[in-house]
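The letters A, B, C and D name the chains in turn, as written, and every chain counts its residues from 1.
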Amino acid sequence: MLDVNEIRKDFPIFQRETKPGTRLIYLDSTATSQKPLLVIEAMDAYYRRSNANIHRGVHMLAEEATSLYEEARVKIARFINAPSAHQVIYTRNTTESINLVAYSWARANLKSGDLVILTEMEHHSNLVPWQILQAERGIELGFIPVTEDGLLDLDEYKTLLSRGPKLVSFTHMSNVLGTINPAAEIIRLAHEAGAVTLVDAAQSVPHLKVDVQALGTDFLAFSAHKMCGPTGIGVLYGKMELLEAMPPFLGGGDMIKEVKLRSFRTNALPYKFEAGTPAIAEAVGFGAAVDYLSSLGMDAIAAHEHEITEYALERLEEIPGVNVFGPSAQHKGGVAAFTLDGVHPHDVAQILDQDGIAVRAGHHCAQPLHEKFGLPATSRASFYLYNTKEEVDLLVSGIYKVKELFG
Amino acid sequence: MDDLYREVIIEHYKHPGYRGHLDPHDVQFADSNPLCGDHIEITLRTDHQGHVADARFDGRGCAISQASADLLMEAIIGKPIEEIKQLNRQDILDMLGIDLGPVRLKCALLSLKVLKAGVYGLGEASDSLVE
Amino acid sequence: MLDVNEIRKDFPIFQRETKPGTRLIYLDSTATSQKPLLVIEAMDAYYRRSNANIHRGVHMLAEEATSLYEEARVKIARFINAPSAHQVIYTRNTTESINLVAYSWARANLKSGDLVILTEMEHHSNLVPWQILQAERGIELGFIPVTEDGLLDLDEYKTLLSRGPKLVSFTHMSNVLGTINPAAEIIRLAHEAGAVTLVDAAQSVPHLKVDVQALGTDFLAFSAHKMCGPTGIGVLYGKMELLEAMPPFLGGGDMIKEVKLRSFRTNALPYKFEAGTPAIAEAVGFGAAVDYLSSLGMDAIAAHEHEITEYALERLEEIPGVNVFGPSAQHKGGVAAFTLDGVHPHDVAQILDQDGIAVRAGHHCAQPLHEKFGLPATSRASFYLYNTKEEVDLLVSGIYKVKELFG
Amino acid sequence: MDDLYREVIIEHYKHPGYRGHLDPHDVQFADSNPLCGDHIEITLRTDHQGHVADARFDGRGCAISQASADLLMEAIIGKPIEEIKQLNRQDILDMLGIDLGPVRLKCALLSLKVLKAGVYGLGEASDSLVE
């Protein structure tokens, strides 16, 4: 088990009071996680001691910076069990990772009428890139429906598969329902149908042990900022043969082997997809974040979150007028999106905020999913390694206060 | 209990005085804030001197958006249309008596945006109307 | 005048020794600049106190983070005298900014046979995106030649303009020759010929007062990391009517107003081009960097660099066997790329490094320019606000040591 | 004067013992490192027992790349081809007697990469040959 009281000491922000005497109850890690001191300090030290541009640099700082940047890549590769660090491409975030696949792989491989399968629970980041391609290329989009209890309808998925899709791109874990989808099975079925797979792992890599080889996925995308790391950096993992066959995306320094005035040759992986000066300090911070999570153990983190989530669902469902969306705790990560009868989610969030309780309100970048459930918005509390049952209790009392105010 | 949800806001949210729809009307406009699903429709009647004779709002959304719409209707009845065109973000904040962060400001200003788009006879409501 | 001794105290890295007793002489700011403490601390404080995802967030941290992120944009807009902060789009770096124009504006506006004018002194970042488009679309590339003394041949430019180009994209200051190009004139002539302009300002915004309205350019691109700011963030500035007419580039959260399963509506500027969780801490750091530079004054910085550069050129040219490339100090920013007869630039850089002197060696991402001068590589010393004449003297003695070793 | 530029490196750079081009030859291969313009060509003659009878390198580039090529030629003459296929990055570093950062390592390993691509009869030299 995690020693959460010790863990909380690693995060400087928990010393913060939102107003005198009110401590911060941070229940918004699904949007972005807080950062442990060692991540902040790794970047700090980088800027104070080793800052230089990487690659091609002969001087000591350039070599230090290059080593730090590449060591982080190796750590991240191990964290997701990638066969090689060359398959770990640094991007800005999950969104850019998915767009990279849409611009490079998909534009080279998809033509009018080709089917791309998504799900009804996707984040906008895994919808809009394909909608752009739909408008530009005439590809077709098919959606795995979400059932009333917030699961993917795998029978409908099989029907869609019979139409011969080229790509199946889906979220490993929903950032609204919390649903943990059966990724390995979805991928296996996709491969049987001859489709390539892309896993939006923005919510899974931070919270679960994710092994890309066990999953067998062709592509996988995630962001550092949701897993104790800095903003400004994310990863696209891909299978070697796919990445190698893909045309470059952004053009510029570092992604080339040789440039003439009118032509260029691309560099080897992963540099082929990393044009320009990358997020160097951020890579260093990302490496530290991965070290931190590994030192605690992803299984222990998942177990802790599961316990909190079970408790939170139990307590929230006791409150008259509260409806929590998504499946039961068994199929769910640490996310509780809910409504409170008669009170708008924005008002719920804002009143909770006055007691230092940070939850998010809105459509959480999953507007079609909200529309499906007939809701413009929900309030969402989410849990990570540093949250406690006591914080759940404070959330619950906060919701009672809201009820009273609007009663 | 707390500053942001002053009694006046909760009161106007729970018991709005100007919720409804005028038919016939001289001005009608509606818009929504897709981010949170707030929706406001405003209908107005003017008299022959160019004053607002009556005004109603309809819609759904958070307490801030609905209360500010109600307060706004109350404020404009009897006022010349030309004066309404001058209303700005600060006027709404003064009516609500609170300070708001950028996200909630959008909720508070939705009704003013709808009102101004209506009285200017615009095709679309733009954020620049309430800046 | 700048008080350089005071300025050096602002940069923690200058306390570093590269080995016991050897202090760091950093002459590689053209690759990336060092960071003053207040920039490092701004990001540190962001992560320790205010870290949250931005926009759509109702709780206190989300509002703080949003304000910090947007205030930085306003600072940057003022720094380049942009009419509105909505015209300042955050990207990863100059390279991504240029690619954004190539993917969005150019793909919507250029067709086979259309002429794009570049120069022979471009960085790969302003070559490869257009070469990709050349291969994909059949656009034509024309190059303003570089004269023997490292200036653009404006007569040839006028000849190229007579062919009716659609775009003129050029570097404001060369990262190898140091040449400061007559940007306002190049832009005026381009506009007369009906072309749109893009200025690669990666080297100018950090070193000179750049006023986008005085220049009149349609687009302008730069990176934070070269101007005392963090890695992982850059800017594309654009004229409002162009940015508004452009289709979106990356799809995802934040760049949308509304999303349905099969369609979306784009958000207003600048968000239309900022998909996914952006580099929030980096924006905060960028804002602090701009504050820092503004407090010193860009004119004072430029004057200081000019003085150092004049001195460096004088001293370097005294050394037998040293050849410095590019124009005289009058037309030049703080860059001195040179060769030493009989010694490979890599060896020069590496031997200097052993005395703590950091210069870069290679083609500096300007391979065609090096090819033009018949060189595979040069050594490059570059100067910024924190460099001193004493450091130039140490560079010169270092080069004499190299000569001795290879004598 | 300093570790990296040990006398042996400067010596082999300034006065290489094996610079040249063998004609006829049994093995010939050339490659360059576009980043710094280093270029190395290697030619070999083998005897009927499969040993290297003679070897030469030609090219241009930095002291590290040229000296390591010269040291490598010296080391392989008389050796069986099968043994040459086993040479790796550490062997080169041992010959040079120094440690190198990632950028200069490429310079040092260029000649080994060329040599191995040649003896394996490959069409292209790949970095994986020297990993």
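Keep this in mind: contacts are C-beta pairs under 8 Å (C-beta built on N, C-alpha and C of every residue); 3 or more make two chains touch, one makes a residue touch a chain.
Not measured: the values here are computed from a predicted model.
Colleague: With contacts counted as defined, which of the two, B-C or C-D, has more C-beta pairs across the interface?
Modeller: C-D
Colleague: Where the CA atoms of chain B average out and where those of chain C average out, how many Å apart are those spots?
Modeller: Centre separation, chain B to chain C: 46 Å.
Colleague: Compute the distance, rounded to whole Å, between the mean C-alpha positions of chain A and chain B.
Modeller: The computed centroid separation for chain A versus chain B comes out at 38 Å.
Colleague: Using Cα averages as centroids, what's the distance between chain A and chain C in whole Å?
Modeller: Chain centroid spacing, chain A to chain C, equals 31 Å.
Colleague: Counting only residues that touch at least 2 other chains, which ones in chain C make the list?
Modeller: Residue numbers touching two or more other chains: 56-58, 62, 258, 346, 350, 361-362, 367.
Colleague: Check each residue of chain B and list the ones that touch at least two other chains.
Modeller: Counting only residues that touch two or more other chains, chain B contributes 34-35, 103-104.
Colleague: Tell me, which pairs of chains are in touch?
Modeller: Applying the touch rule to all chain pairs gives A-B, A-C, A-D, B-C, C-D.
Colleague: If you look only at chain D, which of its residues touch chain A in the complex?
Modeller: Touching chain A from chain D are residues 34-35, 101-104, 127.
Colleague: Quick check on the complex: what are the chain C residues that touch chain B?
Modeller: 55-58, 62-63, 66-67, 70, 257-258, 268
Colleague: Using the touch rule from the top, collect the residues of chain C that touch chain A in their complex.
Modeller: 12-13, 16, 18, 24, 26, 28, 31-32, 34-35, 39-40, 43-44, 47-49, 51-53, 56-62, 92-96, 98-99, 102-103, 120, 123-125, 127-132, 134, 141, 143, 223, 225, 230-233, 248, 250-256, 258-264, 275-282, 346, 349-350, 352-353, 356-362, 365, 367-368, 371
Colleague: Could you list, by residue number, the parts of chain A that touch chain B in their complex?
Modeller: Residues in contact with chain B: 343-347, 350-351, 354, 361-363, 367, 375-377, 401, 405-406.
Colleague: Per the contact definition, I'd like the list of chain B residues that touch chain A in the complex.
Modeller: 1-5, 10, 14, 34-38, 61-64, 103-104, 107
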